[in-house]
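One chain, subunit A, links the two complexes that follow: it is found with subunit B in the first and with subunit C in the second.
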Partner chain A sequence: MIFAVSVLLVVPLAESLANAQCVPAVCALAISVQSDASGLALGGSGTAAASMSFGTMRAFGGTVPSGVTRTVTGSTWTISTPFDVQVTCSNLLTLLPCTLLLSPTFTLTAQLQSSDVTNTWKINSLALNSSTATTLVSAGSYGVASSYTFALTIPFAESPGIVSNTINFVAVAN
Partner chain B sequence: MDAKHIVRWTPKHLLLLCLCCCGSQLTAQEDAAKPPTITLTPAVIMVKAKPGQSFSQELTLWNNTINELQFHLDAVDVVVRDGRRVFVPAGELEGSIARYAVFTDNDVKALPGSSVSTTVTVTVPTSPGPRAIACIFQGKTVMGTTNSFAMTASLGSLVTFTVGDDFHLENQPLQVSVDPDAKMITFHELVKNTGSDPVIPKGVIAVTNERGALVARMPVAGKRLLPGESMEFTADHPGLPKTGKYKVMLLMQHESAFFSSSAEFSVK
Partner chain C sequence: MRKLYLLVTLLVAVIADAGTAEATSASATMTVSVTVASSVSFVLQTDASGLTLTNSGTSAVTAAFGTMSAYGGTVPTGVTRTVNAPTNWKISTPFDAVIQLANQTSSNYTLTAQLQSSDSTNTWQIGSTTITSASASTLTSTGSYGTTAFTFSLTIPFTEAAGAISNTINFVATAN
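Let's look at the complex of A and B:
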């Protein structure tokens, strides 16, 4: 409580201090990654750190996990599955909707943690890379578990082995 | 936010504030029963500053998961490109503000069911380019095994800067959509921020009949527009008024001015 009061009463003490206005007690953002009803079951679904385990897959034959789609073209094959991301703008007072806080929507970005020059990583047909964050949605709606489709395209020329990476999602209020 | 818009705190306000803060603590305890996720507060900070001035803000992240989570603090500039907000690494843009953001802790660890805080101090450069930064708690904890794809969710606080009180908007003509099937009238107007500072337009719509009598009045919720950003401001009117011609006027205000637009429509 003492912290909140001290922040809310920020006033310029000197010319070098800027004037900030915020209401931390009533303005909070939350995010979780969830399994989609028609997608692969995620490890850690509903939390801030989830994982997709496809097991051992191959371009032709073998087993395709439930909720996963495999597509084969002339030189590549792609595995894809939907998953959900939910962002909520929770008002800690539970009295005011977030629209009154002038943040009715959010921006969601995704970025690969490690560079991958061989395979193509996409979410909703938007290619991901490790150098810049890709904006997935610029005006997302709060409180909705929105579905996104993850797709990994692997060229036939790639040697068999383990493909792994981490996708970092960032949500920022608008 | 201009100084004239800042609330003047009175003892009554402080009492309300204390009640609010108590409420927030109770709510934080109740968070344990909520889905296991992470929460960042505050989500948005609006700063009015001049070049060379500094401000500090404590940021708190709640970890409501059962796992210990590690985060790296990162500041990025937020600009609008091709109509979308994009996050640009600090220092890449001319006049980058994120470059001058300093955290008390660059790496933090949030234990399960607890929170972790850090304070960001930002000094506005001499000629700031962007007018917003995002202070991001970048998740570093990876779940799963080596033969799985990991997904980490991170949160960022948006910090906007009003530097020169340069508030300019361009608005398109007011549009009216009458949907007789859904019995709904939608009013929408595209507004673009052509100034160099963030603005938050908001307003009210008034509908009058042929005799000039007020038929309906609806608020238009405010939305934050960064420089170069466009958004459609809308208001829905449920139900249709009786057959006739109507005039609608949209009166909007932002940090320094009012502007209005009008249109006519008919209900058959």
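Let's look at the complex of A and C:
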């Protein structure tokens, strides 16, 4: 058993730590998007394909879902809610902490799947778009459910109807 | 010893067969949706030149003039008193109506006002429009969204007995 462990260590450490690379069969990252304790309840919470449905909302009056904040300014209104993202690092052999095979941090980015020139999409005050990925964190820690705040700003001038988009998250080991 | 040899062989094989090392990453998605509905906001607020309203900036404000008399006494800041001797006297003050529209196409609004309780003694007006409890009076049929100042006035006959005068004005704004 001791000999087996030493073999496992030598190969990945030599080529992975310096280059933030990993032999896929040995170690892997996973992202789960989760409901925050203070936020809107997500569909598919805890998976890599969550959904955040605000239902029907309006700038004035109506119902504001639990965990959602509505802010009205002069010509726009914003709905926001916290959610959690957890990036985990695992190795298939489960003999060693994954971070021995990779650097101890990761970079997390977010990008809109479809272009939206009308509304403003933000996470932690960082604007998202469909053309480039926005870095949310450049040195995230594995295994920690970190809270982020999603915000969508809607102009008064926009016609009523459904606003929908998908945010693609990517975590890369540093 | 044979089992250990097999395990070592297996581990080496796993690493060797795993292919070329590559940047380690993972991805996830979150689909966001909201159905945007149209809405109108209507609040009353203190005008910069008017009497200070209680609960200004809400849809249920109070204009309390305190104790006033036709002659002498104190006239509150922002209030104008006009005496039309020997018939009546009038108190007036400006106030603001703030009407906003979101996610609906409308160029203007119609604003009406109506007294909640009948008053056959005093005359209640907003601008030059007399308001009663019998029907809603149109203050404007082409109001511009945003803040608009109106002037409230109450005319009191000299013949009226001293005492409190109170009523509620119900406003309704409708997008055109």
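General observations
In this section, the second predicted complex is superposed on the first by the 147 of 174 C-alpha atoms of A that agree within 3 Å, B and C clash if a C-alpha of one lies under 4 Å from a C-alpha of the other, contacts with A are read in each partner's own complex, and residues count from 1 in each chain.
Definition applied: a contact is a pair of C-beta atoms (placed from the backbone, for glycine too) under 8 Å apart; a residue touches a chain by one contact, two chains touch by 3 or more.
Nothing here was measured: the structure is a model prediction, and the numbers come from that model.
By the touch criterion defined above, A:G61 lies against subunit C but remains apart from subunit B after alignment on the C-alpha atoms of chain A.
Once the two complexes are overlaid on the shared chain, A:S159 sits against subunit C while remaining clear of subunit B. In the superposed model, A:I167 makes contact with both subunit B and subunit C. After overlaying the two complexes on the shared chain, residue contacts for A:A28 are found with subunit B and with subunit C alike. By the touch criterion stated above, A:S90 is placed in contact with subunit B alone, subunit C being left untouched. In the superposition on chain A, contact of A:W77 is made with subunit C only, not with subunit B.
Of the two partner chains, subunit B and subunit C are each touched by A:A49.
The residues of subunit A shared by its contacts with subunit B and with subunit C are 1, 3-4, 7-8, 15-16, 19-33, 42, 47-55, 83, 85, 89, 92-93, 102, 113, 150, 152, 162, 164-173. For subunit A in complex with subunit B, the touching residues are 1, 3-5, 7-10, 15-33, 42-44, 46-55, 83, 85, 89-90, 92-94, 99, 101-104, 107, 109, 113, 132-133, 135, 138-139, 150, 152, 162, 164-174.
Only residues 1, 3-4, 7-8, 11-12, 15-16, 19-33, 42, 47-62, 72, 77, 79, 83, 85, 87, 89, 92-93, 102, 113, 121, 150, 152, 154, 156-173 of subunit A touch subunit C when the two sit together in their complex.
Residues 1, 3, 6, 9, 14, 17-18, 20-25, 27-28, 35-50, 52-55, 57-58, 60, 62-63, 65, 67, 69, 76, 78, 83-87, 89, 122, 124, 134, 136, 138-139, 141-158, 200, 221-224, 231 of subunit B are the ones touching subunit A in the complex. Residues of subunit C touching subunit A in their complex: 4, 7-8, 11-12, 14-15, 17-19, 21-41, 100-105.
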